[in-house]
Structures are given as C-alpha cells and as structure tokens.
Amino acid sequence: MTTTLLCVAAVALCAAPAYAQSTATEHQAAAPVLQSIGALEARLQPARLAQRLASASDPGRDRMLERVGAAWAGEMQALSDWIGKHPEVGWHEEKAVDTLTKVLRAEGYRVEAGVAGLKTAFVASWDSPAGANGPTLGLIGEYDALRGTQGAFHGDQHNAQTPVALAAALGLRAYMTEHRVPGRIVVYGTPAEEVGPPAKTIMWKAGVFKGADILVRSHSTGGGTGRSQAGFGDCCLNISQVKYIFKGRPSHQLSSWNGRNALEAAVMFYTAVDRLRSSLRPEASIQGVIPEGGVAPNVVPDRAVVDYYIRYPDEVYLEHIDSMMAHAARGAAEATGTTVELQPYGEYRDGISLGTLEELKYAWEKKLGAPKLLAEPGRPDGYEETGFVTRDIPGVGVTAYSSRAPNHTYGMLEDDFTDIGHTGFVMDAKVMAAVLYDFLTHPELRAAVREEHKALSGMLTQYLTELKKTYGPEVGSTAAN
Amino acid sequence: MTTTLLCVAAVALCAAPAYAQSTATEHQAAAPVLQSIGALEARLQPARLAQRLASASDPGRDRMLERVGAAWAGEMQALSDWIGKHPEVGWHEEKAVDTLTKVLRAEGYRVEAGVAGLKTAFVASWDSPAGANGPTLGLIGEYDALRGTQGAFHGDQHNAQTPVALAAALGLRAYMTEHRVPGRIVVYGTPAEEVGPPAKTIMWKAGVFKGADILVRSHSTGGGTGRSQAGFGDCCLNISQVKYIFKGRPSHQLSSWNGRNALEAAVMFYTAVDRLRSSLRPEASIQGVIPEGGVAPNVVPDRAVVDYYIRYPDEVYLEHIDSMMAHAARGAAEATGTTVELQPYGEYRDGISLGTLEELKYAWEKKLGAPKLLAEPGRPDGYEETGFVTRDIPGVGVTAYSSRAPNHTYGMLEDDFTDIGHTGFVMDAKVMAAVLYDFLTHPELRAAVREEHKALSGMLTQYLTELKKTYGPEVGSTAAN
Amino acid sequence: MTTTLLCVAAVALCAAPAYAQSTATEHQAAAPVLQSIGALEARLQPARLAQRLASASDPGRDRMLERVGAAWAGEMQALSDWIGKHPEVGWHEEKAVDTLTKVLRAEGYRVEAGVAGLKTAFVASWDSPAGANGPTLGLIGEYDALRGTQGAFHGDQHNAQTPVALAAALGLRAYMTEHRVPGRIVVYGTPAEEVGPPAKTIMWKAGVFKGADILVRSHSTGGGTGRSQAGFGDCCLNISQVKYIFKGRPSHQLSSWNGRNALEAAVMFYTAVDRLRSSLRPEASIQGVIPEGGVAPNVVPDRAVVDYYIRYPDEVYLEHIDSMMAHAARGAAEATGTTVELQPYGEYRDGISLGTLEELKYAWEKKLGAPKLLAEPGRPDGYEETGFVTRDIPGVGVTAYSSRAPNHTYGMLEDDFTDIGHTGFVMDAKVMAAVLYDFLTHPELRAAVREEHKALSGMLTQYLTELKKTYGPEVGSTAAN
Amino acid sequence: MTTTLLCVAAVALCAAPAYAQSTATEHQAAAPVLQSIGALEARLQPARLAQRLASASDPGRDRMLERVGAAWAGEMQALSDWIGKHPEVGWHEEKAVDTLTKVLRAEGYRVEAGVAGLKTAFVASWDSPAGANGPTLGLIGEYDALRGTQGAFHGDQHNAQTPVALAAALGLRAYMTEHRVPGRIVVYGTPAEEVGPPAKTIMWKAGVFKGADILVRSHSTGGGTGRSQAGFGDCCLNISQVKYIFKGRPSHQLSSWNGRNALEAAVMFYTAVDRLRSSLRPEASIQGVIPEGGVAPNVVPDRAVVDYYIRYPDEVYLEHIDSMMAHAARGAAEATGTTVELQPYGEYRDGISLGTLEELKYAWEKKLGAPKLLAEPGRPDGYEETGFVTRDIPGVGVTAYSSRAPNHTYGMLEDDFTDIGHTGFVMDAKVMAAVLYDFLTHPELRAAVREEHKALSGMLTQYLTELKKTYGPEVGSTAAN
C-alpha cells in the first residue's frame, strides 16, 4: 500500500457522552482511572443517596424552600432585571457590586470588597447565631456582561447569578437562625468571567476560597436541565492565555538599519505558530491577535504584542504546546535582534465533578419540577471554568433551563426578563438551597462528598501522571537531543 | 461560560471498526446510506452464500486448487524470490516486467506492453479454447519495490503479487481448457504503486480495465487474515497530489529588481498554506516539499516548485481544500509578479468493498486454513488504492497473513523468503483461484455481485450528494460574497 | 570573473549638493532638463536681480520692516511663546486657531474657518483700501505640535510660524494702507503638518490656494541660514501613505474553519512586502505598522489594517512600488479568502524651488544680518512638504537659524523661548515681508518669478516623461507578459 | 518638516572611477587612507618608472618577446582553441589539466597535481640552470568553462588563460637559460573560478602560493585595454557564501506531530532574511536559494538547505550581516524544534592593486600597440577575485581587449577563435612576459613593488580598523544590550 494505515488519534469532543477524555491518548491514559471511577461510583451509589434525601419528608426544609421562592419574588428578581438592564463588562462591574454588597450588608453580612487585589471581587460572610463551627456553605456569583458589537449586554444571563445565590442564602440564613444550626454562609462575588485573566484562579491562588466546605454556582442554559457524570473535564478544552511582548530599538524610517523591528519579530512569531501547526496534534486549537502592532509607519516599531489562546483537550500536551510556542517566540526574537517577554495571564484546566452532588442536584430538579430534564448525564465538567477551585473544594453547578436561545445571544438576553428566565432562576435558587441544606444537615452526605472528592483528586493526579508517561517519548525529545 | 461549548467534529479514523466514515459530518451525511447498506446486506446474506459455495463438494475445483499449489511450488515461488532479490523502484521495473511477460507468453497469453503510455505496465490475455464469451476474470499484479535509505527493497512484498496471480491463473487456465469452459483470463501488470502518480488511475482513465467482470489482487500483510465490511472507504484518507509551478523572471543578483523571484512566490505559497490551517477543518492533513527551490544564489530564481499531498477523510471537503490552496497559489503569484501553473498528478478516492466477495474470500481462507484469522470484519476499503477502479468493476483484495513484521519494513522483506511468506503467498493464490472459480461457475454469485456493486455505486453517489449539501454553507461562501 | 560587473544605480541622497536627483536613473533622465535649468538661470541671473533689489534705497520699505520688528516685539513674540507652551497635536489645534484667528479678525481680516472640511484649517484675507486688484500675497502658517513619549511638544517650533507670518502681514498692511497700494494679503492656517494625511494637499485639491500670486512660509532650522538651488526636489523622498484594510469572516476559535482570518491576510501581506524588497530598487524605503491586528484571541479576526509609508527618490518608480504593493495586498486577500480595500491617505511629491525667490530671500538675509549664513545653495526643495502647492504657485520658504539643536528635539523646544529662537523668528518675519514687498512693488520681479515658475513646471513635466521612458521596460513588464 | 532630512549613505558602485569605496561610510573611514595612498603614489611616481622601463632599449628583452609571440603562434593558440572547443565546468577540468601539465612536463617543469586537496589544481615549477636563488615569477592560469543552459561553454575565454601564461613562461625560460639568470618560474593551475567555493582561497590557505615574489594573470575583456588605480577594491562587492543546513525529525504525514519539520525551519529562515532587509543598510545584496527542500510530501522533511550569497561593499559591515543571518538561522531552528549547521563555503574580499605594476603593464600595452586603450585608470581591484592572494603577494592582471562581446556570452566564445581573440591573447602573453622580465632584471622595480605592496597592506589594515570604529555603535549593540 502507498502508506501504512496510521491510526490518527480519535477526536470526539462531543460524541462521548460519558467521559471527558476526548483523544485516543487520553482514553489510553485514563483507562485504569475510568475503571476506578466506575468502582467508586458503584460503591457510593450517589443516585440512590440523592433519591433518599430529596424524597425525605422535612417540613423545616420545605419552609426554607418557600422562603427562597419568596425572596426571589420579593426583591431578587427585580435586582436581576436591574443588573440585566445595566450591563457592565468584566473588571468594570462597579454598579452591580455596589448594589449587591448593599443588599448583603443589609442582611447582616460582613463584606470585604476588592479581595485578591481585584476591584470588583468581594467576599460576604455571615455566621450563624448558633456559632460558626458548623459547615461553611459557599455560593459563587458572577455579574459581568458580554462585550457585543453594539455595546455590553447580558447575553449569558450573569445578571441573575448573584440574585439567585442571595435568594438561596436568605432562605438558609432564616432556617439556620430559627433552628439554631451552627455554620457559616459565604457569598463570593467573582468578576470578569467573560474576559481574561480568570478571576477565580487569581482569587484561588490568593486563598480567598479557603475554609469553604462546599461551593455552588448557578448558570443559565439554553440546552435543558441536566447533570454531569462523575469525573474530570471541562467545557471548552484546557486553555493557556499568553501575551508575547517583543521589544526592539526605534529609529527613523530613513535610517531603519539603526533600528531593530519589534513588529517584524511579532509577525515572525505569529507566522511561526502557523508553521508549527503540523508539528502539533490536530486537536490543538491555537489562535492569536496582534493588539499592538506599531504606531507610526515612519518610526521602526520598538514594541509589538501578540496575544494567544492556546487550547488542548488535556493539560499535559497543552504544556508541551506552551513550551513549543515559547521557543518559537524566543527564536523570533533571536532572529530579529529583539527581545521577548512572555506574560501568561490565564489558565483553565480540567475540573472535578462529583456524582454525589450532581445526582443530588438532579434529584431536586426532578422533585421541584424543573423544565426540560435531560435523562442522560453529560460529560464531567467542573462547576466553575478555571477548574482549579473544583480540585480543592467540592461543589456543584446548578443549571436549570432558562432560555430558548443558546448562550451568548440576544435571544438569551431577552429571556432574562420573561417567564422562561425567571422560572429557571428561581428553580436554580431553590435547588441550590436544597443541596446546601442537605449538606448542612446530613453528616452522611458530607462524608460521601468528602470521600468522593478526595478519591477523584487522587485519580486526577494519577491520570495526569499516566498522560505524562504516554506523551513522554513524543514530547520529551527534540531533534536537538 | 467563557466560551460556548462547540462540538468539534469527531475524528476517529481507527476506532470505528465498521464504517469508513470518520468525521461527525460524514456520519451525519452517511446515516441514511448506512441504513440502506444494512438493508442490502441483510437481503443478500453474503456470509451464507459464501459458506454454501466454499463447503460445496466439487472435485474439478479441488483439482484446480491443487494445480495452483503445484504452480507455486514449481516455478512461481522461485520467480517471487528472484524479483524479491532484484528490487526495482516504480516506473523502472524493466527486469520484472521482462521476466513476467516472458512467462505469460510461454503460457499462451497475448501480451500488450507499455499500455496507457506507461512503459512498465502491461495487459496479458488468454481466451479459452471454448470461446471468450464467458466471464472475463481479471488479476492485478504489482512488482515495484520501495525506495529505502539503503536502496530499493521489497519491504511491501510486491515481488510476490504477480507470481501469486500467475499461479492462480495457471490453475484456472488448466481447468477451463480441460472442462471446455468459455471465458477469458486477463493479467494486468500495474507499475509504481509506491510512487505517484497512481498508475491504476491512469490505466483506468485509458480504458485498460474495460471488459473485466471481476478483478482480484493479493497483498501482503503483517496484521492477520481478514476481510472488509461492505461499504466505501480507504486506508489513508482521500488524497489529492498537486504540484504548484511558479515562474518568474531571472536577473543577476546585483540587479535583482529587474527580476521576479519565483522562489519568493513558492515560499509565500508554502507559508500561506500554513496560514490557512486554522481556516480548515482539523482532520485535514496537508504536507508539502519544495523539490525545486532555485539553483544559483547569484541569479534571481525564475522557477520554483512546491509539491503537496492534500488529504481529508471525505472527497467533498477535500475538493474545498484543493480550491482554497489553488487560491493561495494564485494569490502568491499575484503578490510577487510571477505566474503559477497547477499540476494535479494524483487522486485517491474512497473505494467500494463488496460483502459478497469479501465473505467468499473469507470463507475460502477459513476452509483452506489460512493463518491468524481475524473474526471481525474491518472498515470498508476498496481492493486497490486509487478507489476509482473499484467504483467501476467489482473485485476483492486477498490478503493472507504473510509476515511477522508490519508493512514497509526490512522485517517484511525477510519473510519474503521464509515459510511465513511462502505460506501466505500460496494461500493467496489458492483463495484467489477459488473466488474466481466460483464466479466463473456460479451464475447466482455473479448476479449477487453485480447487484451489490450496482447498489453500492448508487449509494456512494447519494452519500456524496448528501455530503455536498451538508458542507454547502461552510464551503460555498467566502468573505467576498 | 565570477560575476559580471553590474553597475548598481548610484544612490547619493546627500552627496550631490546641487541637484535633487539622487539616483543614476534620475540623473540620466534629468540630464537634458538640468541643462535647460542651467540655461534658464544663466539668462534670469537671479542673484544679480536680488542683489539690486536688496541694496536699493527705499525709505518706505525700511519703515515697513521696522514695523514688522515692532509687531514681533509688541505682541507676536508673546503669542509664539504662548502657543509654544500650549502644544496641541495635529487636527486638534483648537486653542491655537482660536487665538490666531482672534488676532486676525481684530486686524480687520475676513476669517473663514474649517476650510476644505478641515476643522482647524482657516483662510484670513485682507483687501487693501486701494482695491484688491493688485498682487495677492499669501502667507502660510502652521501650529501643530509633535507627539512625544511625554506628550505633545513644540520641538519643531511650529508655534512661531503663524506669529511670524502675522508680524510680516502687519507691516505690509500698514504700508499698503499708508501708500494706497492695491492688493490683497491672505494668511493660510494649515493644520497637522506632522501627521498625515497632508493638510496642504487636501486644501490644494479643494482650491483653497487659488488666486494667490506668491506664497511664503517660514520654518525653524538648527542647520544655518541658507537657500536652495533652482529646480525640483524634496527633503525626504516622495511618499505615498496607504492603509490596507482586510476583511474576513468571524467565527469562534473552536470552529475557526467557519471563519476567514483577516489578520492572517494582513500578516501575509506585511510579509509579502518584505519578500518584494529584493525585487525593488534599493533606494526604496518602505515601512509599515499593524494598527489593527484583531481584538479577542477567541474570535477569528474579521478585520485587520496595515499602514505603510512608501518612499522613493522619484515619483515614477514610486508609483511602480505602489502598484506592486497593491498586487501583494490583493494576492494576500485571494490567498486567504478575505477581501482588501486600499485607502491612500497621503501623497508627497517633488516641489519646485525658484532661483529668483531663493536668491532674493538670501540677499535679504545677508542684508539684515541673519546668523550662520551658508555660502553654498542647498538641493532644490519646495517651500512646503507636499510639493503639489509649489507646482501651482510660486513661493519661497524662509528659514533663518533659530536653534542650536536639530529639528524634532527638546533642545529646539528650549530655544523657542531664548534669544536664539526669538532672533531667528523676527529675522524670518522681516525677510518674508521684504520678499513680499519687492514682489508687490517691482513688476520686473513678478515677471521673472512667473517666467521661471512656468519654465520649471514645464521642465518637471518633461523630466517625469523622461523618467517614465527610462523605467519603461523594467516597470512595465511582468513575468505574466 | 514631517521628517528630518536623513542623509542616506551614498551608493555609487560604478560612478566613482577612482576609488573603490562606494558608500558614505566607507568614504568617511577611507578619507585619511586615501590621502596616504595619494602621497605614496606621488612619491613612487609609478607612471614615470613604467615609462622609463618600457622605453629602454634592450635587445635581450626584445628577443624574448619575439619568442613569446612564436610560442603562441606555434602551439599555444592551437591549445587555447582546443580547450575552447572541449569545455569542462569547474572541478571537472580533467582533460584541460592533462593536456596542460603534459606540455609543462615536456618543457622540463616539475608538476605537482591535486594540490591543496583539489583534484584539478596543480603547481608546475622550473628552476633556472643558473640557480633558483633569484626572483620567483608566478603565473596563474584558469581553465574552467561556464555552465550554460545548453551545456558548458567558454564564454569567459578561460581556455586561453593557461596557454597565454605558457607562452610567456616559454619566452622567459629561454631568456633565463641563455643569459644564465638565476630564478624560478612557477605556473599555478587554478580550477573552478566560475563556481564556489573559491579555489584560490583554498590554495592560499594551504600555502600553495608561498614563495612567489610576483603573480600575474591574464583575463579576457570586452571593454577595452585598461589599468586600475592603486588602492583596494573588488569588482562585485565583498561576498560571503554560506549554506544553512537544517535538520529535523522525520515522521509519516499522517502522524506529522511526531516529526520536526526541517523545511518549515528553512522557509522560516529564508523569510526571516527578508524580514531583516530593512534592518540592514540598503547597499547589501543578499540572495538565496533552497537547493534541498524535502523529497516526498508524505514524509516530514528532516533535512533542508538554504544557500546564500551575502554581499556588501565593505567586509566589516558584511561580517555584521553574516552575524545577523546566523542569528536568524539559529532563531528559526529554535522556533521549530530543529537544529541548524552553518557551512560558510566561499569568501571574497577587497584585493590590492599596485600603481607600479598597473602602470608598467599599461606602458607595455601602449608600447606593443594593444587595441582600444582606455585613458583613465579604473577603480582598484585585485588581480584575482578572492582578494586574499593579492593581500599577500604583489601582482597584476593583464587584460587586453579580446572580444566585441561582454563577458559570459556566446559572442565572447565566438571571438575565442577569431583574430580579435587571438590578437588579445598574444598581447596578454607579451605584456605578461615584459612585466615579469622587468621585475626579474630591475632591482629598483622590485624594491618599488615591495614597498608599495607593504604600504598598501598596512593602509588596508588601517582602513578596516577605521571602518570598524565607524560602524561600532550601529553594529555592536542590539536591543538585548
């Protein structure tokens, strides 16, 4: 035959419903790990546990859920609508933060603003009158709008996220106060989800989430009300965001030989990345822009910047790409007599999803009558996008159907203010409250969650070790060695 | 979420054992067609038919098969070994052709050499003394060696192919003569399989294969003795092979501004292809070389050539890539004041494999005791690499296990001369003869083969039409429209 | 010999003191024209005429010059200093224009602001009480500051230009009023000299300068007080300024194959220009920037802009380069499936300098005791940078030594406010007034200026025709022909 | 003004008849040196000395010149014609060397073939019967043909060079034998002048020319019979010839990510050189080809070669370019994960021409009636192209008019066999013999030649030191420092 049959790595980012691993290499590396996950889930039986909790009779809990609904109807829906009509893009959500923290302070929360050095990030804590030495329940809320060609808009319904969290927190606070349940509620205001660098990674590195025993977040969806399988994965590939800053020496155009052209270096690097594409596995997605490409044509540009999003299904090979690109940047600098500085500004990695919490959430969605329930669990995918927080702290993302339109659209913005959106939001608030309530009041759930999270963390480490071994020969050696 | 979950087309070139279609787009387009194939096979029941034929008692056939074995042992094995030890690369197989055609002439074949304008291609025909108005049985034989870093070598065992075909033909000829069965045997000598352009496409376009009712070919394998599923596919993606020839204007280096630099154009085009990679689906595999990149550095190069293999899982999107690359070449020419000429020199497309013949072959392999039988049928894959011949004429490739080493290796060369190779080769000869015998003597098999081939041809057309529709919006429109 | 001796075109941009033509091709094309210029100047004897005029006894004129000095000392110096301390960059000189037009209105000028569609351009006219049917004397004034890394600053002393013109105009107005001399004085406020597009070309195309019989402008210099030879040329090569705007189709990064990448097109074009360098004569100076190179790395850039200054010693070959670059841009668009639009926004061409006016200016500089007189005349160079105005209307640039530092420096800014600057400025005002006075009052000077200007205009046309012929075979034919 | 007037270095490769220095930088660096050369020549008065020698009455010398003419007519012209009709390209001049060394052996020369490791180089020596302890007279002869599109041809008349040298040597040998003059005659057979690497540099580095007191060479010309001024220079810029060999890692196209693509590296480097052009002075002439750009499109190319001629008017800045390009190559290797090896294979540098020998040659050309005498001396230019030999050993190139056509043409080949060629060749032989005769018999000439050569060598060193100083700030610092 002309060419030997070479089995190209299977790319099936969407096809496989169950496992996040999408390439043949990942499947190979993950095989023993996936077996372990299977065994773990078989032992924990999360669906059975969830079923039992959600169907238990508990008037205190039911009263609590009614309060959540009332809080939404009373004030939170109006707050969600108001933020929806006053969109602010990432890092500039001043009005939203002002409004939200005012509400929290009024509810007796201690609010710390500007945490982790981020102006529009905040942490609001409330300790039970029965003491803080119970579980710490964390709720994450976003509020940044999308940047559209016609200005900022809430086409991803982040406007609703914090009001949803507040409604849940209000219900829980009333219950804990009334029933003298010790514990703490913490609302985390996390800015700029739609633009880099990832705020949650920064906050996580600064220790902001330390102490939380569980974290929940809600998010809009146009898909349907679903849950994830236990495991690790992400929505949109692992990502490294890096700026490459080239510096040269200016000179007038008419004596350009006295200069060293940073734009030539940047363009050479940008082109080199294209040249590398066939030396990288085809599942890579690498795209860049040149936000600074010189100012005046009559002066040799002495500064130019290239900005890349580098994506790959797994983080091990992603780091190999990062390294190849760093070499490409340094090579372009050497070739042009310029210098280059690398500024990594964003990292997204696989997150952990827990069968115990996913199934519990789903049982409550069923119980409370969430619309458009999806029977099959989706691929694993941490409850927040950076992945890092989910590796540290167990949690779950709550996503009831809230729009007829896909994410990031004007259609989804519209549904922000209709019954479809409002119904989804209050559902999210109630499910969130129910999950936290069960976690607060059922030690056996807390134990199962902790066990599963610890086990999956260890398996993730094992999986990455296996991946490194698998890629070893390909990644490690270069022609120079 | 930062980015909407975009389901990237699933690439699983090896994973799917049954269907050749490897991308999500193909699966979508092929879905109704695959259903039709299923219905067709359910109706024809090829395995059952095969079973019946292979297990039938038939002393004439058994005698014929003995003769095939004797022909191999008597002369053909020595001929295979001799060619194996006198390797000649594609288009230069003079000694092999001389030797083979001498044998055929001695056996009473009319030999036409240099067919289709190809020096080392030939057609050898023998008509039964009972008349030629029976079925025409075609046997394809290759004989070119691989180009290795240490010279030519038969690491793909093409040396055995024509001796195998001759052994089968000798057995059949004796049978037809003795039993006065009308019909014709044609041996097709097809050169240069390992290098482009594809000889069989050229011969097919020249009408060389016209008149054959069935075509068989044997091939070595290190994998195991197997068969393909019915359907269409190929081993190594659909391929377009194109040379891009840039022409400029020469000038001395010291007055280079009087020249137009064809190498600059070629390098610009080569780089443009890299620039296009992210505008093409990731399953594409495009690789090029610059076989002519100028001669003397003190003269502006006025000629430069870039040579590309362009591959894609399906031929519809492949044509889109061909068109994008043609635009890239013309753009590079315009940008540099040069001209470009495109020379497409090779085409490989999905071939058709027939359940009737695949199962019959497999039944004979079982019956005759072929080594290392594979239980599961492989993905569809025409019996010759270009695909085109298989769309016109029904046929089957016979591939009994003949080496412990993979294709294209020195290990496979070694087994050329050991029992492992020799056993595989004589098995191929016997199976080939048995399949042709059944085709010659069983009208109901001929009818089933014809029906299946016609139906699958129609479904291939339907599938391609569906693919075109699916790609339409993406492929058809450009920014200019 | 290894290589034939190929005589490379002689580039001597500075060496030749007398002629603007700097390449061998230009010298060849200009040879007969330079002879004609020599003959013209020999006949007109401009130095002798100038000597006679400047040494003539004329109390009215002397009184006028005193008034110019007084006007400078009285108000104009303070105005120059004020503008110098309130720098405004090109197209934003609102405060300067406000202040200057207020002064002009106060002096009885009709002021038309925003001429030619340019917000900070103006024309101020004053008609003699003796009637406007005498000569129209034009004075050009600039006022834009440089853009520096620490903000705007008057490092080229444009702050002084209009106050200098006003001082001269005040003296002349008083004289014309007192002596009842018919005629008109027009002050042209021309913005944004330091940034493109060239305001004077725009104003000229809009007919703003129509009707002027002579135009004068002053300019700072750190070199010495000099004059130009008669002929045509420019300071800094002929220039074309062009933006190339690429448009593609956006798509999310994860489905980049649905997009067409405008940044790839822009980068391909930018690189193509480098590829063309060796196919262009080495005297070309071409430099570009990428002011728009995409915004978000997760969206396929659908717009990117490249901005070039293209320079060549002569305008004929410059147009050839323009055309080669247009082809390169279109080629890059075709290669990437994008579109491109060309936006030429600036043109600078050779200007005409007149021996009659240059020598007259120089005679006055000598007579009035200007500092650092340069004995040798410099290369021809129109009195304003675009060149076009000087081809239409005779004129002269007045440039007395006004700084110890070179142009475009903080040193030159400093001297704006010291005796060195002030001395140079008042000298410019007086010389300007004296030249205009002589033009107004000596019909034989007017006749000589008109004759010389008409003759040189014709010779420029002849020279360009010759150049076109010379370049013909090289420029006209491409490989395609 | 928009841009300060920046004086671009004057390039006048042909214009300046007298000095080799062609850029403004060179002129500046060379100014004191050129003064010293002027003073040296004024003191030595070479034209006067030459006049005296050529007009002296000397019957022995006249008899010797007659013998030269007879030798040419007797055998050498036929030998020249024979080589002219049996052209052999560089490094393959076997027949020519065979024939020539046979003649030399027959004349009593000791012939050493294959000197300096070069198969077709030779040294042939003859010692006077009066002893070898007189001057050693060296004659250089070439014999390689040009490569034309229709095969090899002697379009540069190298066929005549060694026969011319032999005719001169025969005359001198007869004279030295008869008159018992001690000394030695050495004929140097130097191959492959038309192709790299430069044979004479290799022979010089191997010490082949050691011991020669003077070297002469003849060469055809279509220009006229001329001489050079004293000084240093070259015909066609200083040249560095370098191959850049990139090595990667092969892999099949369908798993290209396991490879490292050497062709991508080569193309990136080739493109990087274009990117550097505007960062290099415009007098640079850099041109390359890609003689090895991959073989098979289905294998990742693991080897690619770029071959460059790098030229600059002076060798100091040339080394700066060499260094910038080495960085570009290494940068391209780093960027692509490949390695690069630099193979410099040719160097051409300014040579020394001596007034004493140039004027002596010219006086003889006049005296003997050479055709088409050029009155003005040309720019300095060593007597052989590499320049290096001329820095070590004094010498002169003899170039009487020998064709109506320019060098490297079929017209010049034609004249090889006509009176025009034959007349020029015998003239060269006689002038060569006369110059060597004077050098042999006039100690005061030897002293003057030695003094001038030593002084000019020193001045060349001084000039290069000055150049280094001048370029220092520009060349030495990079953005990284």
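Chains here go by letter, A, B, C and D, matching the order in which they are written, and residues are numbered from 1 within each.
Simple rule for what comes next: a contact is a pair of C-beta atoms (placed from the backbone, for glycine too) under 8 Å apart; a residue touches a chain by one contact, two chains touch by 3 or more.
Keep in mind the model is a prediction, meaning the values are calculated, not measured.
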item: Set of chains whose contacts include both chain D and chain B; value: A, C
item: Pair with more cross-chain C-beta pairs in contact, given A-C and B-C; value: B-C
item: Interface numbering overlap (same over half, different under half) for chain C and chain D; value: same
item: Farthest-lying chain, centroid of Cα atoms versus that of chain A; value: D
item: Distance from chain C to chain B - Cα centre to Cα centre, in angstrom; value: 70
item: Centre-to-centre distance between chain D and chain C (centres being mean Cα positions), rounded to whole Å; value: 48
item: For chain A paired with chain C, centre-to-centre distance based on mean C-alpha positions, whole Å; value: 58
item: Residue numbers of chain A (touch at least two other chains); value: 2-4, 6, 8, 236, 253-254, 256, 264, 267, 271, 274-275, 278, 282, 287, 298, 300
item: Interfacial residue positions of chain C with respect to chain D in the complex; value: 1-15, 24, 156, 193-194, 219, 235-236, 271, 274-275, 277-278, 282-283, 286-287, 348, 385, 406-408
item: Chain B residues within the chain C interface of the complex; value: 2-4, 6, 8, 247-249, 252-262, 264, 267-269, 271-272, 275-276, 278-282, 298, 300, 302, 324, 327-339, 474, 478-480
item: List of chain A residues in touch with chain C within their complex; value: 147, 236-237, 241, 253-254, 256, 263-264, 267, 270-271, 274, 285, 287-298, 300-301, 304, 307-309, 311
